[in-house]
Structures are given as structure tokens and as C-alpha cells.
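Chain naming follows the written order as A, B and C, and within any one chain the residues start at number 1.
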């Protein structure tokens, strides 16, 4: 965390669905190499905020700036759609809760990883294949499975394949929506460890949406707690979880079942 | 020549429990504390007087309601009570270590990697970090056959020693220790005491809670009594 | 020529003039933007979709009284589909028809590109079943249009990647995707990839009509058309170990024909006009042993 300017600068972002506010007046900076967690119950606005931040849902009000490589700060929603989509598939990644949303289940694992490379103009089959093999290894999937369909993979493997598919183009910012949701606890742990290692090694910035406080404690540097569209508390993850100030955060933390 | 490592001035801490009828619990007030490099300060007082709370406040794990918490970082001062999260993280990465009472880690990660992690976070290469971790684990008597296992199945004493190895691996200039020897037998307690003395000799600062009077006497230069700062209920 | 009673009340080439104008405007736009799929208000034709209604509407819109029409299906002039379409136009326009490529000014085709070189005064009209090359991976039309608009064509190579990974080579043999004028990705209709090189820099105007999906697209004369491939797996056309049993050609697309219940095969040019010309020019028979191999 040595850069002197944030990668993502969010200013007073609100999004309304008709009269109802999805998220309200959210401001936050995300720094290079930083993982920020967004927690809250279903309907708290965390997914709406994630969609706004990841350039998939235009905010009703507020602005979002991104520090683009070779270009500096750009207003996300002032970019042309072509530029925005290019940014999304090269410099960004998106890991979905449901692999169905983040993978092409009808093509092989290798093609899933290779797609982003081909999308940015890689035209050498052998090199694409080598990179796919390398990334399968990095996410701890047996490289012999490169020509298998993701449908034949376990839930944990599918998530790891999603991660490989996203990271192969060397993005700087990855959005994750409940990446460990729906996985067995033992599989979750391995995925968390993998994510943590990759994030440190690649100096990735991550926006992580989850309702699982244990997940953010292990992964996120910083935390935002959302309730009814607003960020009611934010700060260092361990500080927010161990010494919550807001009524709602205290309720959230005290409601966690202890194993 | 002594230089100041920690400079706490006039802090107060209250817990406001919104979910329990908004009850307010005062822990301490008007508390000031100074710690020099090369010394070890033991926080002292009866159970419930706020020793752990103070230690956590120094680490910015708890917030304080008033006052400043100066911690020496990269030659300057950072006020842990007010610093931005990323500043605090930088302090924790390079200047300030914390050994909690209980090990809290990702399940199923090998012990060796858990101990190596603070070095890795600083950018040390995997192999070098693991090599250093092995030295620390050997020092605290964790048998080599356990290194590749996750510590969740270890005994309380073993877990605490893993935690200590993890706390000492990065040679933090300032180290906070919360009952580091509570679960240890005499032999291992003595090893930890030795490590603390070595750290002091290397001009590092240590603030700790030591329930064991013998160890406390062996490693500490000052006792810091918390009782005088007890907040009015 | 037909009896007047049969065609009374029908306009020249079946379609009314306003419809033809609308289709010609679509064709002009398609020519102006090579490879881009132009939507048009397709009409119901007196035959089912799948019989070439897209190609027929294009032909009907461009054909004039002086034209000479050739219609082929899989390279042959005498198959049901080709015969039906040819007689449809003979009846509704009265234009001359021919089986000879060089005599035709308009050639409507299904699944082949004629073997004889075309000239700048000829138009080749392709019947297209599915115009959208991105359809196989992206079912949403709104999304495929956006992908075309932004030139996001990564998934086209995913398909070729899958071929090589699973079969060791690019196995796509028909309707092999091309990039037109370095811009739009296009389906050349289900012609064999053997014909793909003929699309490149061809002197004739190439028009494509999809009736069911109501799209028209074009490759103007002398336009660059490149078949997609990888640097280390370059595009290749089919080759045969055989020559045509009938004319001995080794440079044309061969059909494999089973001639009896024992599985005896022969190979013959799929382009019947090309084959007939060669036999006429230099009558010959190929060694029977080669045919029976």
C-alpha cells in the first residue's frame, strides 16, 4: 500500500429504484492492494452498491472515479460504453456467487480461462494453453482437467476456476459477490486461503460483498456495514467487528453463532 | 539513550451496548502511558480493570473516546486513535506486532505458513519466509511433524506457541503481548521469557500482560497500574 | 415462358416494387458496411423457411429482365431446391436461366461457391439459415449486437480453441467464421471452408439473405475476407486423396458418393457445371481402381 492515490474513488453515490433507495450517499476510497468488505443483511443495499461500483448499474447520483492504467483518474460513467467494457474485461474481474453467472459451463476449463486472453487479442493457441495450465495450477486444480467441462467440477473447483478466469489478464481490481457462499465450510477455508495468497502476491484490490462476518475478518482490511442503503459504520475490519459502535453493527456482530 | 516508542495521552474508553438497553460501561479515563524502546512494561491490575482493552486500544483494535495514542512508525509518530485505516495497517505491517491470547487464523492452513505470513505480507519471498518460520517454530518447541498441519487441533499450549512464533517472526520494533505464557508450562514459559529479553536487548519495546509473577519479574522493567484510571461507573 | 393466366396479378419477380425498394436499400447499406447484418422487413414467400426465402427475396429485388439466372444447391443445378427456385423465377420474371456459371449474371446458391472464377459483372446470392456468428455462445440478440458494435469477438476464438483442445485441430468444416474488411465477423453461410478463400478479394458482389431471421449482409467486390485462426494453427482448407471420378479434377470440392450396398464409394465434383465442362473439354475416365479405393 504505497501508492499515494486511491484506485477507486467513490463520491456520494446513490441509486434509486423508483422511490426506493438501493444505496444512499456512499463515499469510499479503495487503495491499491486493499480489500474492502461490504456486509449487511439481504436488502441492505450491498449488491446495489457493488453493481454501481463495478460499472454495471449507473448511479442516480454521485460519481465514481477509477485510476486507469496509462491514463489516470477517469469518471466511470463518463467513459464510452466501449471503453467501460474494455476496462471491465481487462483491468477488472468479477467473481460471482453462482458459477453459472461467472463461467461458461458449456466450454472447457481451458477455454474458460483463455477467453479473456483471446478477447484482448491473444492469437497463439500454444501460449493460451500454457497460461491456462499455469492458472489451473495456481488455483490448485489438477491440470489434467483442462479439457473437462466445468459442469463436472465440484462447487469449490468451479469457484477457483472463476478466479483463474478473472485473474489471467492480470486485473488490478476484482469484485467478489459472496465468493464462498454455498460452499461447504471445509471448501470455504481453502478458497479463502487461496484468495488471500493471490491477493497479497498480485497486489490486487478487492471489493468483497458478503453477509459472512467470518469471511470478511479473514480477508478484508476494511469493512463497510450497510443497513437500509446506508453505510452505518466503516473502518478497520477487526476494529468494526471487535468494537462495533453503531447499534446495527453491534446487533450484527452479537448475532453470529459461535462454533 | 532511550527513545520513546509509545506515547499515550489522556485516553478514555467506554463501551456503549446498544443491544443491551444502551448500557454504558466505562473502562478507563485520563490514562497516559509512555514506553521507551529497549524496555518492557507490564500492564497490571485486578481482573476486569481494562488491561486487555488498553492493549487492544494500542493496536487500534479498539477505539478510544478521547485522547491520543502515539506509536513510533518509520521515524515519526502515528496517532492510532485517529489514523486512517491504511496508515494503521502500515504501522501493523512494519512497526507494531500483537500476540493475542488466542490464535485466530484461516482453518486448514499449515502452521508453517501461518507463522510465515507476517513476513509474506511485507513482501518477503515464500521460501525465505518459511525458512524463518521454521527457525521460530523450532525455538518454541513445536515438533517438526506438526508444521504442515493446521493448528486447530493443537493443544492450547501449542497454539499459543504458534501464536508467539508468528508474533516474533517479523522483528517488530514494538510488540504487544496479551498473556503470552498463560497456557505454557515452565519450560516453554522460560523460552518465551528469553525471547522477550532478547527483543529488549535489540532495543525493541514491549508492552504486555503477564499473569505469571515470576516471568513478569524476569522480563519487565516497569509495572503500569491501571487501577488509578478506573472510569467512574 | 409461362402462361399469362398463371402469373396474372403478380408483379415481376413476385415481390411488389415497394418491398423490392426496401430490400434494395437494405442491400445498399449492407454493401456500404461490409459484413454488417442489416435487418429488413422480410416477406412471407410462397415456400417454407429453410428453402432459401432470404436468398430468394434478395434475388427478386435485384433481378432485371436482362439478367441470366443460375441456381445451385450444394453445387448442383438439378436438385429439387435449385430446380424449384429456378422455375419460380422463370415463371415470375421470364428471365433466361442457365446452368453455366460464366453465362449467369445472378447466381443464387445454397451451401457452395462455384468453382469457376467469378467476374465483376456477376452477383452471387447466398441462402443463409442462421446469420449470427456469435449466436452459439451468446443467445441474447441485444448482447450480440453490442458485441458487434464494439468489436468484442473473443468468444469466436473460444470456439476454435475448443476444437483444437478436444480434437487436435480446428474441426469446423462448414460455415467457418470470417472477418470482413478487418471489422465485422461474419458467417459465410454453410459453405465448406474449402470455399472460404474464394470470398477474399473476389471481383463479384456477394450478397447474403437470411429469411427466417430477416437479415441481409454483403461482401462488396474486392473486399478482404479473412478466416479466423490461431498463429500456430493457421486456417487450412480440406484436401482429398482422390481426384473426381468423372472429370479427374484435383482442385475442386468433392462429394463422397456411396454407390452400392457394399459401401463402394466414388468421389465427384460437387459443382456439376464445373465437372461437366471439364469432361467436355477433355473427355477422360479415371482409373477405376482409384475410384474404388
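The definition used in the following text is that a contact is a pair of C-beta atoms (placed from the backbone, for glycine too) under 8 Å apart; a residue touches a chain by one contact, two chains touch by 3 or more.
Note that the coordinates shown come from a computational prediction; the quantities given were computed from them, not determined experimentally.
Engineer: Which chain is most central here if centres come from C-alpha coordinates alone?
Structural biologist: A
Engineer: With chain centres set to the mean of the C-alpha atoms, which chain is at the far end from subunit B?
Structural biologist: C
Engineer: Using mean CA coordinates as chain centres, what's the gap between subunit B and subunit C in Å?
Structural biologist: Here the centre of subunit C sits 77 Å away from the centre of subunit B.
Engineer: Averaging over Cα atoms per chain, report the distance between subunit A and subunit B in Å.
Structural biologist: Centre-to-centre distance between subunit A and subunit B: 32 Å.
Engineer: How many angstrom lie between the centres of subunit A and subunit C, each centre taken as the mean Cα position?
Structural biologist: 47
Engineer: Please output the residue numbers of subunit C that touch at least 2 other chains, ranges allowed.
Structural biologist: Nothing qualifies.
Engineer: Which subunit A residues qualify as touching subunit B in the complex?
Structural biologist: 1, 31, 34, 185-186, 189-190, 192-193, 196, 200, 217-218, 221-222, 235-236, 238-239, 242-243, 245-247, 250-251, 254
Engineer: Applying the document's contact rule, which stretches of subunit C touch subunit A when the two form their complex?
Structural biologist: Contacts found on subunit C: 137, 146, 149-150, 152-155, 157-158, 161-162, 164-166, 230-233.
Engineer: Note which residues of subunit B are touching subunit A in the complex, please.
Structural biologist: 15-19, 56, 60-63, 85-86, 88-90, 104-109, 120-121
Engineer: Subunit C touches which residues of subunit A in the complex?
Structural biologist: 81-82, 85-86, 89, 104, 106-108, 110-111, 114-116, 118-120, 123-126, 128-129, 146-147
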